[in-house]
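Data first, discussion second: the structure below is written as structure tokens.
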Amino acid sequence: MTTIGVLTGGGDCPGLNAVIRAVVRTGIKYGYDTIGIRDGWAGLVEGNVEPLTDYSVTGILPKGGTILGTSRTNPFRKEADLQRLTDNVRKFGIDAIVAIGGEDTLGVAAKLSEMDIPVVGVPKTIDNDVAGTDYTFGFDTAVAIVTEAIDRLHTTAESHHRVMVVEVMGRHAGWIATVSGIAGGADEILIPEVPFDLDEVCRHLRARYESGKSFSIVVVAEGAKPKEGGGVITQSEKTDAFGHVRLGGVGNYLREELEERLGMETRVTVLGHVQRGGSPTAHDRVLATRFGVRAVELIREKNYGKMVALHGDAIVAVPIGEAVAQLKTVDMDLYDLSKIFFGS
Amino acid sequence: MTTIGVLTGGGDCPGLNAVIRAVVRTGIKYGYDTIGIRDGWAGLVEGNVEPLTDYSVTGILPKGGTILGTSRTNPFRKEADLQRLTDNVRKFGIDAIVAIGGEDTLGVAAKLSEMDIPVVGVPKTIDNDVAGTDYTFGFDTAVAIVTEAIDRLHTTAESHHRVMVVEVMGRHAGWIATVSGIAGGADEILIPEVPFDLDEVCRHLRARYESGKSFSIVVVAEGAKPKEGGGVITQSEKTDAFGHVRLGGVGNYLREELEERLGMETRVTVLGHVQRGGSPTAHDRVLATRFGVRAVELIREKNYGKMVALHGDAIVAVPIGEAVAQLKTVDMDLYDLSKIFFGS
Amino acid sequence: MTTIGVLTGGGDCPGLNAVIRAVVRTGIKYGYDTIGIRDGWAGLVEGNVEPLTDYSVTGILPKGGTILGTSRTNPFRKEADLQRLTDNVRKFGIDAIVAIGGEDTLGVAAKLSEMDIPVVGVPKTIDNDVAGTDYTFGFDTAVAIVTEAIDRLHTTAESHHRVMVVEVMGRHAGWIATVSGIAGGADEILIPEVPFDLDEVCRHLRARYESGKSFSIVVVAEGAKPKEGGGVITQSEKTDAFGHVRLGGVGNYLREELEERLGMETRVTVLGHVQRGGSPTAHDRVLATRFGVRAVELIREKNYGKMVALHGDAIVAVPIGEAVAQLKTVDMDLYDLSKIFFGS
Amino acid sequence: MTTIGVLTGGGDCPGLNAVIRAVVRTGIKYGYDTIGIRDGWAGLVEGNVEPLTDYSVTGILPKGGTILGTSRTNPFRKEADLQRLTDNVRKFGIDAIVAIGGEDTLGVAAKLSEMDIPVVGVPKTIDNDVAGTDYTFGFDTAVAIVTEAIDRLHTTAESHHRVMVVEVMGRHAGWIATVSGIAGGADEILIPEVPFDLDEVCRHLRARYESGKSFSIVVVAEGAKPKEGGGVITQSEKTDAFGHVRLGGVGNYLREELEERLGMETRVTVLGHVQRGGSPTAHDRVLATRFGVRAVELIREKNYGKMVALHGDAIVAVPIGEAVAQLKTVDMDLYDLSKIFFGS
């Protein structure tokens, strides 16, 4: 009898429960048992596990969050933790682990795999910045939430001749900003990959205003930074020594700067964790389900040390290590496409 | 032939177009012409008007914003403006004006009415704080948007043992915070009507945490203020001389204070103008439609100087003046009811 | 120690869980215990109960369905059942019952009350047809779902010059059809209260078409019936001896008749139980919560044999018996208002 | 100066306006003029065109339907029509046509291309059954709508021990049924590609019931047909001589058969055109936008006779002819995956 251990690590992401359900159900199909490991790697260190049956996963497909809980525990930080983890793998008779998580969780998975513990990874990031896969589940949901917010802001921006700034997730990569900006018809999109020049942004927004459009929507990823020089930092007290925006994030910074420079009322929306909670879109549920099914098939094929990934429309297996080695930043062709719709 | 002039003033509010449509269509039923006045009272000062036909209002029922535009222009500020306004009423043959707006717009309407210009008011405020009517359109939509955000935050708060702060609209009255807080199952609701005591808030959240619930949702109206004294203002630089929260609003203030005092990760969402844009809920469309229909009936009855209002389930007429005389703050019975669900 | 028994009976309705949660939490506030009775009155007959704690109701506020299950069991049909029911009330030490349900469930509650079993009723009907209360929870959700469907149909009707028929719930009363028809901008609304004349319907739709509008939306309650005579029943095989539409419901009947008579492509949508499932709107959650809180307060006041009800904006208590004595049909003023928007 | 003519043909599909907007805006970028052709090929036959400016496409991105209207006119049916069409291409100085449509519209485009009229195709089908492209816009929106309906049905099915049948679009291919069935957690999915055996369906549903799950969700594509033989057609009057289900569609047929055979209350939802109307999802808006941009780039490259298509995550060009030559039926690996979740 094969026993699978499944865990979720890192930040919340719509679709986690859909993966867990798919792992359990596909396991049942092949006659495998599944054990749920609570709170990420912490649960394996502490032996905090529970059997998962068909009944455990009934009704969880549309639900946000994770029935297993999550943590950011890294068992490689303490030797003793690692020992307890490997002891627990044996103790609970776990033949293979399905680790669902982002860079950190999969980084641990990669190392365990090198120690010959059978592991399969499922990539998870709301930000869509994991290398090795075209898309990750949760991203479509985040984009849908941001796009709905932009839609709503359009009507009010229009009636009031205002600039609306929307700060969205994306510390290192601007995928959410770019894709929801295109979907929402943003007039400017600022991302971490391309430091922005406030003078240029103001030029665009003014040009737009002069062409008779009395409002603008600016979507900015939380990790976007102003370019050095370029007349950007007019008020040094708003950024710290490292050029970091200090208070209230980049959205608030832009609100103040744009209002002052353009002389137009400017308002800011900071969606925050609303972007990573709640029911996944149909698209994300299907991707998450396919990932979960494939993860169990990899176990069946004893194809360990791999991460499931989306290439085109196919679910494939790539080495976990490769996947976490680098960050997947925004496709510049897509970002350039978004500019066709700016400033006009 | 009777000619109605219709205008919208003040901030955006889902349902404005539904009122305009109802005015035009009910006018057609009674054989009246309707003229659209652009950008609130400004349009009447400048003679910026256009005829509204059945065709003009086709398809606008579900749309946010206002097809007439809006402004905060007060024609009583300059004598010349008032003269131009009254001249234009004559020039365009306007027999009666339907003024859709909040305190300011209706204040102008009340004064014009005293000058024997036939005016009928339709109350409009996202904040639900106009006296004289049980509810205003737009409020249900704002509550729905906030509640959906709270729902999403629940799943992510739960997985991460976090405190989630949601800052919502409501500068003078906490209706949106109270009603969406009840609907979303908030663990603490802070409103302008009841200055908050941070020590007490922390006590509640800690009690909740100790009872085994590892997360909390705090809904705060933008106009909520800390109580004087009570050990609240630990970091004076965060509030100015008047006790006003200085940077990033009360949501950011709470985020920092709660994180520090509770030692729990705390995140903030500032929904901003997302709350006042976009398609109105079915509930608001019906209320707005009923208001528009009734406004034209008041004109038919030559019952001027009145504002349409919802009393129970009936649409009635109340004096405009009375309605704007005072602010309608939150019903304390409702606020107390919300506390049944706190801290447990 | 006071012990409350709570049960849900009859059809599904968004908001049931919100009532249950409010009962449990308000009970805790007053130091009462709450027992959940499974599957309506059946659970009390069979002794199928479970204690409900704060933990039991955590997270259920936004959820559709009922954690207690439901049935249509009537304990008055068999003497033995009634005996077992009263025995179980004693056995489980139930001091008062909160019965959440429609006509049937409350009918049983009324009879039990006459037998001096302490009962409090909470009205529940998606159709909004319970007398004694202005509105019931679940209704706003149903209206929201239907309105969203009508919104979607508008764009496709418009592009294709089509007649779109939407069949909605409402066997005896046309509340959902009327309110969602107004909210969605329907061009014709057919309800059980007003038998329809197909010739007249076709006249309206043709007039609309001739005025240049190439599409129409017809909302029809499932219980709407053609008028006798009036040239309506052209194809007798579509209705049975009692004038009942035979196959596929009134929506399919209208689709065929309108297509034939108008010579315009006609399509039908039958939303069915989609209208009574899923997460309640914010509005319904608040109403359901207020009902649940008030029900426990009635128990506290030993004010039995009453049903909580919404009068205007107040939650009041009315005799259960009265409430179920008659059906609340559509307010004809509201229905007439909807006609202002027809055929133009 | 290059002039582009753009038209939309066939059924409604969310995302049409997004393509039109992208064509106009990308045209502006390259200095091209764009002419809108009304009501599909009919507009080119009748010379019913209008210039499209930046202003024409402002605000249309999130809107369902098509600002250009649509029709199913085929100019190859009458020689004279074709002549008028080619005359109008010259008369209006159209250098290249962007034809947005399904099999029929693109079939005409392919023939015109063979006559050396410069044409570029953009595939459009809610059903996702056009060969040559991995996905078409509108499909994700349809799936999202169906999935939301299934989510709602789950709660009510659960409370009432019912079988819920959902009939969805898909006359020739079961993409919508399969993908939304997976996303919604359907217990049975019936598609045109795989004739169904009612005995087997009943076996699954009974097995599920016996395993303790008291409800089931069956998703059926409108084009699904019962298998010949297999004890399926018990009531011959329900199907005509060709085995076609006669009245009310396959959903109603299943409702009756399943209720009778399983002895469980069965209800049906027929979503109809709700699936093809309304605002597109963010995903579809981005795909539609990318298609529109690429179509203009093909014109710039004088790469005519091609259709834009999605291959993996890239937008490519394929011969129009090939694309319409065959129907893209459901990927059987995906359909098989859905079965992992059946009957348990």
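Some notes on this structure:
First chain written, first letter: the chains are A, B, C and D, and each begins at residue 1.
Simple rule for what comes next: contacts are C-beta pairs under 8 Å (C-beta built on N, C-alpha and C of every residue); 3 or more make two chains touch, one makes a residue touch a chain.
To keep track of the chains, here are their UniProt names: A, B, C, D = Pyrophosphate--fructose 6-phosphate 1-phosphotransferase.
Because the structure is predicted, anything quoted here is derived from the model rather than measured.
Of all chains in the assembly, those touching chain A and also chain C are B, D. Following the contact convention of this document, no chain is adjacent to both chain B and chain C. The chain with its Cα centre farthest from the Cα centre of chain A is C. Between the Cα centres of chain B and chain D there is a gap of 40 Å.
Centroids built from CA atoms put chain D at 30 Å from chain A. Once the centre of each chain is set as its mean CA position, chain C and chain D turn out to be 34 Å apart.
In whole angstrom, the spacing between the mean C-alpha positions of chain A and chain B is 34.
Each of residues 151, 154, 158 in chain B touches at least two other chains. Residues of chain B that touch chain C in their complex: 22, 25-26, 28-29, 54, 58-59, 61-62, 134-135, 140, 143-144, 146-147, 151, 154, 158, 179-180, 182-185, 211-213, 279, 281-283, 285-286, 289-290, 293, 311-313, 337, 340-341, 344.
By the touch criterion stated above, chain A contacts chain B in their complex at residues 11-12, 14, 63-66, 69-70, 145, 148-149, 151-160, 162, 164, 247-248, 252, 267-274, 276-278.
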